[in-house]
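First subunit A sits with subunit B, and in the next complex the same chain sits with subunit C.
This part shows the complex of A and B:
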């Protein structure tokens, strides 16, 4: 597939700018567990837009912005009121407010249509009009963009998104510390003179403005996806808020560019026409989130699974060595595989044994297992921890001597020794040095 | 009842009882504060003057309004009536001299910040709007972590700390505020023995530096050991003063009502306090 400047530059730019704007602001919604607020605001700006349109009879961007910002603030106020007076949970309050306001917006649009002033369309509110941002008479080469005439050709939606994207980025960069404390501990923020309530409203106004700016180009579905997905995915990839914001920006750019390319390229593989680019960007955001849920470094499903598995393997290996060591103590230098397997029921014995043989800890002589020299050292360490813990549990924690074996079985796998340098365990067996 | 009326009436005793004249030495003066949630009063006509350089416990049963009293002082919940003065002035003037340790459960410990980030939040007032946290503030934060024995955990994400360690981070944050008057909401709730010792040490250190601490405290057994003064609160101030004068069986009975288990606990506590 080939991208041309005329057909593709502005849609990609608009989608990416909208994604970045929403992605940056979304971090603070996700952290305050207010993701639904983005959903709420992006729906309830509709009546704000329509009322602004009815009052001014134009689609003047300034009027639209004021209408949308007012609607955003009204949403936040109404949600707080419903929560307080109706004593319902925040999610329910947001759900009630935005569905009612959206319905009001739809009704108002019908009225406007009645008056024959149809200039607002409920459909484009949902999925936007990225495809209409075609640049006729665009230069064929990238060097052709370096010309003053280029600026004149930039569509209004893109200019607006550039302005709002810069404003949102500056807002987050300059007030990063304030937004962080207000999101983490609103009471401390307020007592220090950073009024958390005011910051909350300012943030919501930004969300409303970002929504309106993105709206016309990409529609509300992508706005909602971008307010949640990049931030949620970034949260899983790091434990520092500053890093999280940067990752969310990169993910948002990936959604914007990747989504657009996917929208035109993927259907082509199946011989179909390209699909709605805004929808595809939202879809890419969802896919990215799923990938991160599985693959992220510390919180990811795959990592946690691998960690549990390696822990289980390590424990099985420790137990295998310890079992052979105990046998050796009573004079059996080599033990049959079947016997050892019977002692280690519930472990993945086969894997543990193969690992121990490969690691040179255990030699397998035709079904008879014995510890090598290095294996004996490793086994002695496990046994030492086990018996020191038994001694500690009896001496310090007040356990009965016949009740300490099972807890020590767990504790021996932790690479920490309890204090106290006993020479024998409570059962009289010597503790290897 | 207006606040000014209360002030005038304070010399005459009456239903409010005789109170000392408010002076600017007192770090905290509460005049006739009433707080109501949903029209139900939580605090009713509370008067209190905190003496300077003391460790003061607020004690009372669940729902007595202990946390609410602190939040009303800090302007975090609206007061239905009454006023609060700090060193004879308004809260706004005194803001940078007041530290606050909220309940540990009041924040989201999964938040993506390190222990040091949290401690540095205590210095945001000093840093000011729109300015980043500089190296010198981070150094100060590290020192505060050191004072509660948590320096080694400075760069851990806060969800990886135990409950007691989280409480110590909160305490370090309060130290970073470098305030003269501290409000602490249940600093001892659900902490391990080591953390309890660390907190007590910090409280004594603060007292040694001439600071005043007002803490909500749940454990009647340790009131006499850890604190100099006590406010017995149950919607109203039942009694307030030096622990040895006020922390009596009779006052505790009035504060806690007829709750037997608590009373026997209290009796034991008094016996221990008397035995010191």
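This part shows the complex of A and C:
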């Protein structure tokens, strides 16, 4: 696929700027469990826009901004009111407020359409009009961009997004410390003298402004996707907020650029026409998130699965050795495979046995298992921890002697010994040294 | 909006005549209109009933994600139907597709909650936006690439009641009837799971099965509502009636009946208005109607409404302010003066921001009315009964101070400010116990009997 400056530069720019603006702000929404406030605001700025349009009869961006920001703040205030005065559960309060406001917007927009001013269109509100940002008479080469004429050709939507993106970035950069405290502990923030409530409203105004700036270009659905997805993905990748913000910015750029390219490239492979770019950006955000959910270094599903599996294997091996050791203590140096398997129900016994034989801990003599010398050492360590823990639980934690075996079965797998160097466990068995 | 509003009304809509309005209201406006009105009313009823359980299970916004997640299913069903030679536009096929991706969306939310550390709000936002984005992609693909175009699929986003055929309305009505019947049958089970999940589990109910039935009904109603109100607003049909009904009753069956009625009324009114007037999309009118009902409920409901709560709170503040005055006046008398306060002292004692201008006289009037005080030249003076009451309040005050010092570990220099708010809620038993303690410290509090002599 070939990108041309005239057809693709401004859409990519607009999509990416919108994505970054929303992505940066979204970090604080996700942390404060307000993701759906972004959803609510982006639905309910619609009546604000329409009313501003009706009052001024123009699409003057300043009026639109004021209308949208007012609607955004009204949403936040109304949700709070319904929550507090009506004692309605937060989710339901949000649902009531934004759906009623959105319905109002839909109704108003139909009246406006009738006035013959069709450039406010309900569908565009949802998925934007990236396609219309075509630059006629664009230079053919990148070097042609280094010309004063370039600035004159930048469409209003893009200019607006540049301004809002810079404003949002500056807001987050300057108030990063305050936003962080408010996000994690708003009471602490208040006692430290930052008014968490005011900060909350400022953040919400920014969300509303970002929403309205992005509206025309990418539509509300991508706004919601960008408010939640990059921040959520970044949150799964790191525990540090600063890093998280940067990752979310990178992911947002990836969504903007990748989504736009995928919208025309992927159908192109099958010889089809390109699809809606804003929807595709949301879809790319979802795909990125799925990748992160599985592959993230510490919180990823794959990593956690592997960790759990290796833990389970280690425990199975420990239990196998301990079982053989206990038999040996009562004089049975070798035990039949079937018997051992019956003792270790719930483990993947076969794998544990093969691992133990391969590791030289257990010798398998035609179905009869016995501990090797190294195996006996390893088994003694497990048994020692088990019995020390039993001793500790009875002596220090006040457990009854007949109740300590099961907890000790868990604790023996942790490679830490409890304090106290008893010689025998509560049942009178000797503790190996 | 004021200026523009006028112009809308002017250009707007020639209002239909009374006879037409009445005919439509009475189901005499022609077969198709009747079918649509019936369908939407039934749908509103079902959505209201099912919504109660969605609300009680705190799933209001999950249904929003569910409805947004139906969009890709609608598009895909259209495409797959086209490939398989089925009519891709038949409502049943489209709704089947909608159900499939809607359910996948809900499963994704559960998966995100189970396997990641993201919270429910983020999970809902992710599923909602990504699935809807996917739907927009699929629809735009159909728009530009499918021979027949995507005409008609867009109606599921904003809803298009007028496009409803007789069979569509029947389908919707049937789903609604099934939902209502199921609710009536399973009301007890639903209530159990909604209010005390662990109790239900302990008693041997399969909570997940009951939950599945509830969720299934939510899915059915959502899917049925797509055409009427559109997928963005269908959440409103589910939750607004339930939330509104919650203000009026605390009994589940009453909640269910009320929510059903509110939903049905909104559905009925919305489709009638949109049938009568041009450019009034039924979905929006339905939602706004229920929004108005919600606002009325929130403000006016007898127990949980804003007005009654405000009145209750006002009464309490009045009583507390009155007792402050009594105590203040009693204090004057106890230290040797008269049991009286001047107007200036009164306004200082009852300082509640700008409201004291109104509040002070009302408090005083309350005291006169209860015959606890009488008017004097420059203020009030306590009656005999007033002195007794003042003594009681003063005593409670002292007792609370003692309580806070000896039980709550509050420094003696900090107690006074906290007792002012709490001296009005003391129980008799506690009073006796604290009196003993005060007595042990050598402080005797008078109960006011005989002081006024």
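Note that in this section the second predicted complex is superposed on the first by the 396 of 433 C-alpha atoms of A that agree within 3 Å, B and C clash if a C-alpha of one lies under 4 Å from a C-alpha of the other, contacts with A are read in each partner's own complex, and residues count from 1 in each chain.
In this text, a contact is a pair of C-beta atoms (placed from the backbone, for glycine too) under 8 Å apart; a residue touches a chain by one contact, two chains touch by 3 or more.
Every value quoted in this text rests on a predicted model; they were computed, and no experiment measured them.
Taken together through their common subunit A, the two structures put subunit B and subunit C in a clash.
Counting the residues of subunit A touched by each of subunit B and subunit C gives the higher count for C.
Of the two partner chains placed by superposition, only subunit B is touched by A:184; subunit C is not. Looking at the shared chain after the overlay, A:235 reaches both subunit B and subunit C.
Of the two partner chains, neither subunit B nor subunit C is touched by A:7.
Using the contact criterion defined above for the overlaid structures, shared-chain residue A:244 touches subunit B, although it does not reach subunit C.
In the superposed pair of complexes, A:154 makes contact with neither subunit B nor subunit C. Once the two complexes are laid over each other on the shared chain, residue contacts for A:422 go to neither subunit B nor subunit C.
By the touch criterion defined above, A:257 lies against neither subunit B nor subunit C after alignment on the C-alpha atoms of chain A. Looking at the shared chain after the overlay, A:192 reaches subunit B, while subunit C stays out of its contact range.
Within the three-chain superposition, the subunit C stretch that clashes with subunit B turns out to be 418-426, the only such case among 184-192, 202-210 or 418-426.
The interface of subunit A with subunit B overlaps its interface with subunit C at residues 33, 235.
Residues 31, 33, 174-178, 180-181, 183-185, 187-194, 235, 238-241, 244 of subunit A touch subunit B in their complex.
Taken in their complex, subunit C has these residues touching subunit A: 1, 3-5, 7-8, 11-12, 55, 58, 60-61, 64, 112, 115-119, 121-122, 124-126, 128-141, 144-145, 154, 157-158, 232-233, 235-236, 239-240, 242-243, 246-247, 278-281, 283-288, 291, 294, 298, 304, 306, 309.
Of all the residues in subunit A, the ones that touch subunit C in their complex are 30, 33-36, 38-39, 43, 51, 54-55, 57, 82, 85-89, 91-96, 99-100, 102-104, 106-107, 110-115, 122-123, 126-127, 221-222, 224-225, 227-229, 231-232, 235-236, 263, 267, 272-276, 278-283, 285-286, 289, 293, 299, 301.
Put simply, subunit B touches subunit A in their complex at residues 71, 74-76, 95, 98, 100, 102, 106-108, 111-114, 117-118, 121-122, 124-125, 127, 129-133, 157, 173.
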